[in-house]
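Going in written order, the chains are labelled A, B, C, D, E and F, and every chain counts its residues from 1.
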Amino acid sequence: MRCLIVNPNTSVHMTSSINHTMEELDKGDVSFDVISAEIGPESLESFYEYNLAASGVAYTLKKMDMQIYDGVLLACFGDPGLYGLKESLSCPVVGIAEASLSMSLLLGYKFAIIVSLQKAVPMMINMVHQYGLGQRMAGVFPLNMPVLDLEKDKVSVIEKIRQVSRKAIIQGAETLILGCAGMTGIAKEVEKEMKVPVIDPVSAGFHSLKAIIESKLTTARHGLYEPVPAKRIIGAEGRDSKYFGYF
Amino acid sequence: MRCLIVNPNTSVHMTSSINHTMEELDKGDVSFDVISAEIGPESLESFYEYNLAASGVAYTLKKMDMQIYDGVLLACFGDPGLYGLKESLSCPVVGIAEASLSMSLLLGYKFAIIVSLQKAVPMMINMVHQYGLGQRMAGVFPLNMPVLDLEKDKVSVIEKIRQVSRKAIIQGAETLILGCAGMTGIAKEVEKEMKVPVIDPVSAGFHSLKAIIESKLTTARHGLYEPVPAKRIIGAEGRDSKYFGYF
Amino acid sequence: MRCLIVNPNTSVHMTSSINHTMEELDKGDVSFDVISAEIGPESLESFYEYNLAASGVAYTLKKMDMQIYDGVLLACFGDPGLYGLKESLSCPVVGIAEASLSMSLLLGYKFAIIVSLQKAVPMMINMVHQYGLGQRMAGVFPLNMPVLDLEKDKVSVIEKIRQVSRKAIIQGAETLILGCAGMTGIAKEVEKEMKVPVIDPVSAGFHSLKAIIESKLTTARHGLYEPVPAKRIIGAEGRDSKYFGYF
Amino acid sequence: MRCLIVNPNTSVHMTSSINHTMEELDKGDVSFDVISAEIGPESLESFYEYNLAASGVAYTLKKMDMQIYDGVLLACFGDPGLYGLKESLSCPVVGIAEASLSMSLLLGYKFAIIVSLQKAVPMMINMVHQYGLGQRMAGVFPLNMPVLDLEKDKVSVIEKIRQVSRKAIIQGAETLILGCAGMTGIAKEVEKEMKVPVIDPVSAGFHSLKAIIESKLTTARHGLYEPVPAKRIIGAEGRDSKYFGYF
Amino acid sequence: MRCLIVNPNTSVHMTSSINHTMEELDKGDVSFDVISAEIGPESLESFYEYNLAASGVAYTLKKMDMQIYDGVLLACFGDPGLYGLKESLSCPVVGIAEASLSMSLLLGYKFAIIVSLQKAVPMMINMVHQYGLGQRMAGVFPLNMPVLDLEKDKVSVIEKIRQVSRKAIIQGAETLILGCAGMTGIAKEVEKEMKVPVIDPVSAGFHSLKAIIESKLTTARHGLYEPVPAKRIIGAEGRDSKYFGYF
Amino acid sequence: MRCLIVNPNTSVHMTSSINHTMEELDKGDVSFDVISAEIGPESLESFYEYNLAASGVAYTLKKMDMQIYDGVLLACFGDPGLYGLKESLSCPVVGIAEASLSMSLLLGYKFAIIVSLQKAVPMMINMVHQYGLGQRMAGVFPLNMPVLDLEKDKVSVIEKIRQVSRKAIIQGAETLILGCAGMTGIAKEVEKEMKVPVIDPVSAGFHSLKAIIESKLTTARHGLYEPVPAKRIIGAEGRDSKYFGYF
């Protein structure tokens, strides 16, 4: 079994963190590749950047041989462009946000999401409502640190997350989801002496994807993710010709 | 006052229909320009195409002088890339789907959306939940006609919409929203002898945008649509350099 | 185009404020009349007073020639008796509360309503749930000032609203709605240096109504607002005979 | 213990049916009076009529000595003007709709409401959402008979209700609520050979009110139903002077 | 009329408190028996204990002649095993939690539940969502006292409840429900000088049950509570043979 | 890694089917034991039976050495007694219903549950609301076959499920969940030529549990599933003494 882990931003550092988390996981006999988007913003903190990243990922995957993969994990909390990937690929595609939420449902009633910036609070609330999971949400809690700073000083990031987590628990959180791929690899540190599980989004994403593949299931080909036949792209001539392609 | 109407697909025919609707409207002293995306699919019937279109619109607007506009109308039902545009532009930006829904709330309790294809049914239901308006939805009803066919035979399209509308009314619809920019210009024909208002999305979108501009209001600069400072785009060198720009 | 603005209470001062706001608006070629209810309470702060006002407005409009109007705006936040007016009149009728809410949906995800008294907090929450918009509500925030005091000292009212607004923003508000016709005319003052739009209910109501009229739409004649044939009124003989009339 | 049963319309026939139901009930040692509104429509089938009735009931009760009653039952399904009465009276006030819904919650998971006319379907759905009980609603099912005809031919009304009830049960109803005071007195006939309880609204209303009185409880004096101090009524001079009074 | 009040735990003290409350109530001509479960935990503070109690109550009732009762009240807030009892018994069965909630709906818009321990907060929120009443909930507020301590020092319990209640009222509560059978008998003390009704769960439960019996209604025999034919119990041979019986 | 699969009913046949499914799965290096409850009903089709089974499972597990297991799967759709097990055991415990629902969220927007009997329809709807997943539910669809008959004629069961599934798809289902452990082992047959994934509840349950164990996570020890200290069980003397124990 082989999985593709897609970091939809272009931060080499973040891709390397994701790779590190993947190496540490109990993966059984699954092999994996971690890639970044070839083009796009270095971090994704707005819908505008999500839109650019969604297109950058399409460009990146279009040129690859996707037949060799049994599943794809989209490794940015916020799941940018996820629905489009589900339509386009025949293997299962899972976003780390939806997977973390799904797994949290089995571990506690109310989840909290820890995010880097205040701006992400309404973005995540919006996503949770789109996913129909509002009744299970205790809240979204910001660290007030930019995403790219998360990588710099792990010790103070962990301390800050623990502070914010205690506030979330008082407000009813029973599980804590680290709501950014940039927070991967520290869940066990955060969890120490806490009574609530702390979910690493890359780990939850990978294990959920693996569970789906082992269950021999894939995305519905009918309904929200039904594929649509490829269409001519106007205006792409004279540019990178395969730019806006279809799988 | 001057508005920009953006057709996020690249169908010249649809842009021309939108332009025609705009010319017929009671616009007071508002002037307007209608443009298509420079690059992207000819019609938008999937999330994959929404993602490409969102990026294509960003590319298109990036090169324009946006200071001359008092407001922007995104003229594709489904509002692809809308949140990103709201973040990026300082003038008000309205999507024709959100505007049609907002206006419908003032005309009847439950709305129905008429869409072209079955695939759009779950897409629109998803959007309505994301917008938090599920309690007001009577349903989404498909014509089972591709978007590009809507332009071809207006008489049978109108007849088909009237058939589907009667079904929607039996299921509780009190307002009917024509859920595709490709259906613009026929609302009054559909409405004849019906007891429910039929909402043209381009008209509703334009008049809602104008109401906002006349009220001297614009998008919140805090919260879901808070702008994020521009960031370096990796991987764009050697390509069309302004490709992934920011406003 | 000619609109009727109905202040459903009998406060001459408030009617005059509403008239002042109307005069200041960008109305294009629309003319308007502002009237008060002929009979009823001076301000509307309870359901009991809403009930009396609804009947007082019915009495007042019954004697007027409504054919000359293209639309009616009910200018009390709380929309007292609105559903009955929608049934009774063939032109569009819009309440300033529903219109402010609808417009806010296009400007930010979560709205807050600023109200005069604590009593109005559950009243507005109840109305928002009746309108099916609970997912978009950040909260309702009281000034703890009676409605009739709002007119007296504009400077301190504005300062108080700004204080309460900051609290609302911390609790997630992205738009602020001034939830009382008595607060009309000060939105721009409140908005200064804030990052969120402040909605004047009379302005939002008028511009929304105008948008509907320009879209050539009116209230659904089927469903919640379906008119019912006139019925004999028992007990009205020997009293003011046209009291409980029908349009 | 003494209760006042208020028929908010002016139909003598319906008041007499309500009285008949009351006489048949197991009332313990409770005495009761049944009155009609002195002024207003003969039946209440629209919000416009609800508004007139709410005001007519205020007028009627204003002249009475309300101190002699331990509780008030508002006997029109739709609960017109109920919130205002709850504010105004210190004894408990219960509407037959809210009481029937509350009692149904203890008897089955999903209730259906049987109504006379199609127009009442969205009206009742709106009320159920205002009351926050949408999750428990199987639907609202019309007989397509005017309210005043319900009194005429009991046998065919019962047969018609049984037909409609079977449809409701297929759609998930576990309790059936007769959604009109005009249907009082026939629940036991309807219920025969059915597996679901059929709730008479007058009976459910009275027994719920009695349960509250026996529990020595009354309406909250804080929150939605908080009373507001009496206010001058403008425009009432030279008319029936106590018209718009307060209790 | 005769009712059975079942305390599903085995605390003799709590059964005696319930009996005391019952004796004080205005019961008309209703006689009653109060029993404890024969086997099970002394107090019920977890789902694990709820499960044991549900089975202990089944065992206890199985040996009794249930034909002599007109109704059954399950007297533990949390309603453990309630759905199973509704299926099994032909007379009406009411839980004190569901009854308190139903009655509160008629007295104020938003209820708060006062509970003994923090652990009960998510348990009650879960129950309220299962009952579909989330829109009416202001919150669940803990005393942070074990259930069995509630019996010990009434004066300080009352003072503590009054403290917590004031907090609940600030957060929007309009009615207060004492969310534990161990808090029975003190509602009137708590209520003094408060503007909101305080609901004793045993009193509300009994009066609601009586209202149902007087209305000649019983649990639906179709839907969620439909009875299922008795089935062989495997593994009960050689044990207390009537252990897992059916009614 | 070693998992315990608990069939909470006492049907040897069903336990053997579950064992068969388990043997066929891609389990990596996980070993497993499948057990039945020692005591209780042969199939679980009512809440009454759920209550008995919950207690029977507690009895059964109490005597076992649970330290050797890394996780527990409760293998009855309906998750009877699940919350109590989550409280009692320190390793992760997953119910096949909650796991199937969680996995379905990653495969399609709306799920349908296929159940054996009509009675299970409201039971499952109730469970879905308790789990807060109503927005994702297309419906619950009955085969109208008793659970124990599901084992008898696999060919006609499969054909019947396919029929019912087509109906579910028309009503919006994008994933189909086989809502009974008795339907295990046939998902791939049902899925043939369908465009939607068919979820085997035992397989989804096992793989979800394994994903949690591999993620090194377990149930929250705070909130809804917080354990409560062991308490004396009254009335158990002279009976099987360890009957109502704690882990």
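Methods note: contacts are C-beta pairs under 8 Å (C-beta built on N, C-alpha and C of every residue); 3 or more make two chains touch, one makes a residue touch a chain.
Chain-to-protein mapping (UniProt): A, B, C, D, E, F = Hydantoin racemase.
These numbers were taken from a predicted model, which means no experiment stands behind them.
Least step count on the touch graph, subunit B to subunit C: 1.
The chains that touch subunit E as well as subunit F are A, D.
Between subunit C and subunit D, the superposing rotation on Cα atoms measures out at 180°, rounded to the nearest 5. Looking across A-C, E-F or D-E, the interface that copies B-C in more than half of its residue contact pairs is found at D-E. Most remote from subunit C, judged by the distance between CA-atom centroids, is F.
Chain centres here are means of the Cα atoms, and by that rule the chain farthest away from subunit D is A.
The distance from the centre of subunit C to the centre of subunit F, each centre being the mean of the chain's C-alpha atoms, comes to 52 Å. Work out the mean CA point of subunit B and of subunit D, and you get 44 Å between them. Between the CA-based centres of subunit A and subunit B the separation comes to 28 Å, rounded to the whole angstrom.
Shown for subunit B are the residues that touch two or more other chains, namely 109-110, 122, 126, 129, 132, 134-135, 172, 174, 223-226. Interfaces, counted as pairs of touching chains, are A-B, A-C, A-E, A-F, B-C, B-D, B-F, C-D, C-E, D-E, D-F, E-F. Subunit A meets subunit C in the complex at residues 121-122, 125-126, 129, 134. Considering their complex, residues 10, 37-43, 45-52, 54-56, 58, 81, 83-88, 119, 122-123, 126, 129-130, 132, 223-228, 231-236, 239-240, 243-244, 246 of subunit E touch subunit F. Those residues of subunit E that touch subunit D in the shared complex are 25-26, 28-29, 92, 94, 98-99, 101-103, 105-110, 131-136, 169, 172-175, 188, 195-197, 199-200, 203-204, 207-208, 210-212, 214-226.
Here subunit D touches subunit F in the complex through residues 109-110, 135, 172, 174, going by the rule given at the top.
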